[in-house]
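Letters are used for the chains, namely A, B, C and D, taken in the order the chains are written, and counting of residues starts over at 1 for each.
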Amino acid sequence: MAGKVFAVLVILITLATAYCVMAHVWWMPVDVSVHGPKIDRQIEETVLVAGLLFIAGQLVLAAFAFLYGGIGRKPRQIPGGAKPLIIFAFVLVGTEILALSFIGSKAWGSVYFEAPDPASMRVDVQAGQFAYYFRYPGPDGKFGSLHPDLINEGNQNYFGLDTDHDPDAKDDVVTAELAIPVNKPILITLHSKDVGHSFYVRELRIQQDFVPGLNIPIHFTATQTGRFEIVCTQLCGLGHYNMKAYLSVLSQADFENWLKKQASMQ
Amino acid sequence: MPATSAHAAVHHGPPQGFIRKYVFSVDHKVIGIQYTTLSVVAAFIGMALSWAFRIHLGWPDAHIPLLGMLSKNGAPGGLMTPEYYLSLVTMHGTIMAFFVLTAAPMAGYGNYMLPIQVGAADMAFPRLNMASFWVTFVGFLLACATFFIPDGPPLSGWTAYAPLSAVGEVAGPGQGWGQNLWGLSIAIFCVASLLGALNFIVTTLDLRTKGMTMSRLPISTWAWFINAWVSLLAFAVLLPTCLLLVLDRLGGTSFFIPGGLVINDQMQPHSGGSPLLFQHLFWFFGHPEVYIIILPAFGIVSHIIPTFIRKPLVGGWKVITWAMVAIGTLSFIVWGHHMFVSGMSPYMAMVFSVPTLFITIPSVIATMVWLFSLYRANIRFDTPMLFSLGFISLFITGGIGGFFLAQPSTDSYLHATTFVVGHFHFTMGLSAIFGAFAGFYYWFPKMFGRMMNEKLGKVHFWLSFPLVYCVFMTMHLTGFAGAVRRYSALVDDFMAPLIPTNRFISVAALLLGATQFIFLFNAIWSRFRGPEAPNNPWGGTTLEWDTTSPPPFDNFGGRQITVYHGPMEYDGEASVMQTAPPAAVAGT
Amino acid sequence: MSSNRELTMSSYVGIGVGLMVIVGIEVVLTYQHLEPRTLLFSLLSLACLEAFVAVLYLMHVKYERPILFWTIFPATLFVLTFLCYLWPDAFRMASMRLLK
Amino acid sequence: MLSDQRSDLKGGDVNVTQSAIPSLGQHEVLMEASPYGIEKKKLGMWVFIVSDACTFGAFLFAYGYMRVGNPVWGTPFGVGSVVNGVVMTAVLLSSSFTMLAAVRASQTGAKPSTKKWLGITMLLGTIFAALHLKEWFSLIGEGWRLFYNPTGGAAQFGATFFSVTGLHLTHVVTGVIALAFIARGYNLGRYDESHVETAGLYWHFVDLVWMFVFPLMYLMNAH
């Protein structure tokens, strides 16, 4: 009896889970990056591979619990003993995971192994408890150097720029929102002013931690205009839940106007 | 030093007086029960914390009166502040991971059962054994003490990533003495675990009774033995990590803190440290840790299943044991999969990813051993078996999530989402807990000489099992949607729509918690009112079933125990005790 | 328990002198103005040699059953080897520093 | 439930057990022989040594990481310190051999010489600690701190040097105290040669660690 109930329960759970995943009841937002489709395909493949193992495992469990309850049966091991199981694990699962890691490495490589396009537009991102600030090099195309000792929220010197003595820093445009032109390779440099943070844009399929003390470069190209959330996924303190900024993907023209407006406000 | 305590095993007779009998006892059985009790208490504390923050997530403006009493600043009038939410999450993780999941199945049952299962009268170093319990206890008190200091527990998560955990109180409430106590507590716990592991290893190798060859060890003993090696090496690295963290905090060093940090417009007096170093050292311990947590459950379940299906496991002791050895070994070379997006070298990501995926193979083998042992079995669905079956189901589900998190490409989307929370609660959380429950129901009669109430036990299982899926499978799904973990309020445009889902999770979690009180009641009631337990209620064949319930002080009443058989010689109703002389078997 | 009968006290003194000679070599090497890397590796290999002698003779593993050596040595080496996975990030730290 | 195969068994009679207890832990007929054929406390010490070696290893890896990550380091040790280090090494090394002598004497049952050699070992250990502290204080005198580097290099030198050598020093001091306990117990006849031998293992291990600490912490930081 208990075995049959257990079997039914397990099957119900398995079907419900399978349905929720297949029907995308909760699912990733649509991707807007060039490398994104590779990652999505990888997730889909993994859903397939893992899902089959999941269903198979749970069904076998349910079936045996259903069939072999009670006593008085002459016990017998499965034909061939453990050998077929071990062979199955090594051959089938082995090839599956090799395939996964091979294809997966390409998706990963497209984000991290390929050098950024030299023509990329560069943006500098500074994370701090609990906000992001973005910096554009301005007309001279050069970023002013950073002086943490000069960082001062009061007079809005979030990056610690020495605008009095550093010519490169004078024309840097500092904003609270990340705007980028669509279909243009972007190279952003992440650095944190205090503790660990993270740069997570679901629609870009990008998640990258800020490592205090290091410059972390990451590059991508957005393929659709729109406004997306940048959220912090690395526990950074009491305001963690509320640490976010917006990414606006604009047409080239809109982007230039936006940048001019921001520059004029400095 | 072990050397000084070695003679204890030789000289100590049954202790006299309450203190020596029940408090500072060197008897492994008392120590095992002490450990188990400690983890049950810790488990309910950890669960209460999770209740608090689940309520807060489901109903953000709910007032929790008790919480208001616990902390005036943390929860003024019972309304949880964001920082206190994080403190609760941190302590939930710390207490559950260290003082429940590491303590109960390994130190608790292991202490009680391992010497009996190998036919010894006690651990190799009984005084050392007592020391490791009381050291653990001190560590636990320090962890709990954080609730009662002014700025409350730390909020940097159970992983305590530097520099948030290293720069001191400037980083936020709880990062002052809260984090100091946390660091000390874990360092102390490391010492206790090292001493415990040492004891387990020597006991298994040197104190086996006549005929108890390694190939006749029960699978549970194998699991504890393998696990002892894993803990020995893993905690040996966490200890220095904690010491360096404490040095950074109290000694002003900069191991984990880089230069030029500005917090609240204050320049931090540090330079040249590396947060990544902390993550590497922590996860070098942290990944073996999840196997330290799950391996004893493997052993317990592999020990229980043959008893209730009345036939040996497929492949005998060898297959499952080698699977556990492989898992334990691989667990040391995969820690980087916790750091795919941490800023670690992206090439190392591949180096860590492949062995991570390869852990699947021994895990699948172990799982299939349990599954296909059920083929043509005579399954008896007593509570321990139900929890073992539940364990198998949960472990399969949890393992599946591993496929997504083992690959850097997919992990870069799912990392730090609730998918991860669901995943590790299935694998190391609930699987281990179900294994622990199975062991508790299985060994309770031996430990206390009374049977537990089967009806209540079954109710406990039938409620817990589906609720576990309601809570943590839903977390997997919201993870696919990109719901970020460790958020004290869902204020993003993206997360806000998930509030109803979170409410559902919270309701399920509250019910799941409530269900555990059935277990608590059952345990306490049966301890005093339960029916007398026979020596061998489940028809087991290993040595613990070959003595009285509870066993006498020296476990076997001075009998010479000689082992002639393997641990799982079941054949339907017939079964052979490990100690049955060959003649007797021929007779049957 | 008579495991270190095999060597006479005088031969132990010989071993001691040998170890001190290695230490001497280390000191000499230190002042040869070698590349830090070269120096590090030569010092480390000499230290490993010393340690090996110490384990075999002072801790007389040489006179225990081989299985003892094959238990403790792989376990320790395993941990120390795979801790090396953190070197790439140590070098990245030098090259990717925010403040040079 | 199966009928319990040995339900006739009546255990729990504590008086019966007394006789059995003293034979526990010794490898007599009633036990499987240890695969290593050594005293269990000796095996325990070996297992401890494995984990302690990993602990020291992690400290040294942290030191290496800090050093690689901070190209501007700073090497404080002049010839004087190196000579001091060599002397310390000699002292610790010879203490290992006096320890060997003690173990050997204890195995031949020569109580007085065992005590003598243990005493000398403890003395040498104390000298080592003293020389080490001298080194520490001269560094502190030059302004080195856990968090400060007077030469302007990376602040990590003080942190790594004091923590690694501090950990080693703790081991030495613990060892001396432990030896004192063992000597006392041995004198009172409570401990036998196996205790001396186990303590010896620990002492040799402390020596072995120093064989790495000296080149890595001293010689690599000599100018």
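Note that in this section a residue touches a chain if its C-beta (ideal position, glycine included) is under 8 Å from a C-beta of that chain, and two chains touch if they have at least 3 such contacts.
On a predicted model such as this, the values are computed, not experimentally measured, just so you know.
Core chain by CA centroid proximity to the global CA centroid: B.
Here the spacing of chain A and chain C, counted between their Cα centres, is 43 Å. A straight line joining the Cα centres of chain B and chain C is 36 Å long. Rounded to whole angstrom, the centroid-to-centroid distance between chain B and chain D, based on C-alpha atoms, equals 31 Å. One inter-chain figure worth recording: chain A and chain D are separated by 47 Å, centre to centre, where each centre is the mean of the chain's CA atoms. Annotation for chain B: residues touching 2 or more other chains are 232-233, 236-237, 258-260, 273-274, 276-277, 281, 284, 347, 573. Annotation for chain D: residues 35-36, 39, 47, 50, 54, 58, 61, 65, 69-70, 194 touch two or more other chains. Residues of chain A found to touch two or more other chains are 146, 148, 213-214, 216. Contacts between chains, counted with the stated touch criterion, involve the pairs A-B, A-C, B-C, B-D, C-D. In the complex of the two chains, the chain A residues touching chain C come out as 146, 148, 191, 213-216.
Across the interface of their complex, chain D is touched by residues 1-4, 6-7, 9-14, 120-122, 124-125, 128, 194, 197-199, 201-202, 205-213, 232-233, 235-237, 239-241, 243-244, 247, 251-255, 269-274, 277, 281, 284, 534-539, 545-548, 551-554, 556-561, 573, 575, 577, 579-580 of chain B. On the side of chain B, the complex with chain C involves touching residues 229, 232-233, 236-237, 258-260, 274, 276-277, 280-281, 284, 329, 332-333, 336, 344-345, 347-348, 351-352. On chain C, the positions that touch chain D within their shared complex are 1-2, 4, 9, 12-13, 16, 19-20, 23-24, 26-27, 29-31, 36, 39-40, 43-44, 46-47, 50-51, 54-55, 58-59, 64-65, 67-68, 71-72, 75-76, 79-80, 83, 86-87, 89-91, 93-94. Against chain A, the residues of chain B that register as touching in their complex are 81-83, 86, 155-157, 161, 163-164, 167, 171-173, 257-263, 265, 267, 273-276, 309-312, 314-316, 319, 341-343, 346-347, 349-350, 353-354, 357-358, 360-362, 364-365, 367-369, 371-381, 386, 389, 392-393, 396-397, 400-401, 403-404, 407-410, 412-413, 415-417, 458, 462, 465-466, 469, 473, 477-478, 480-482, 484-494, 501, 570-573.
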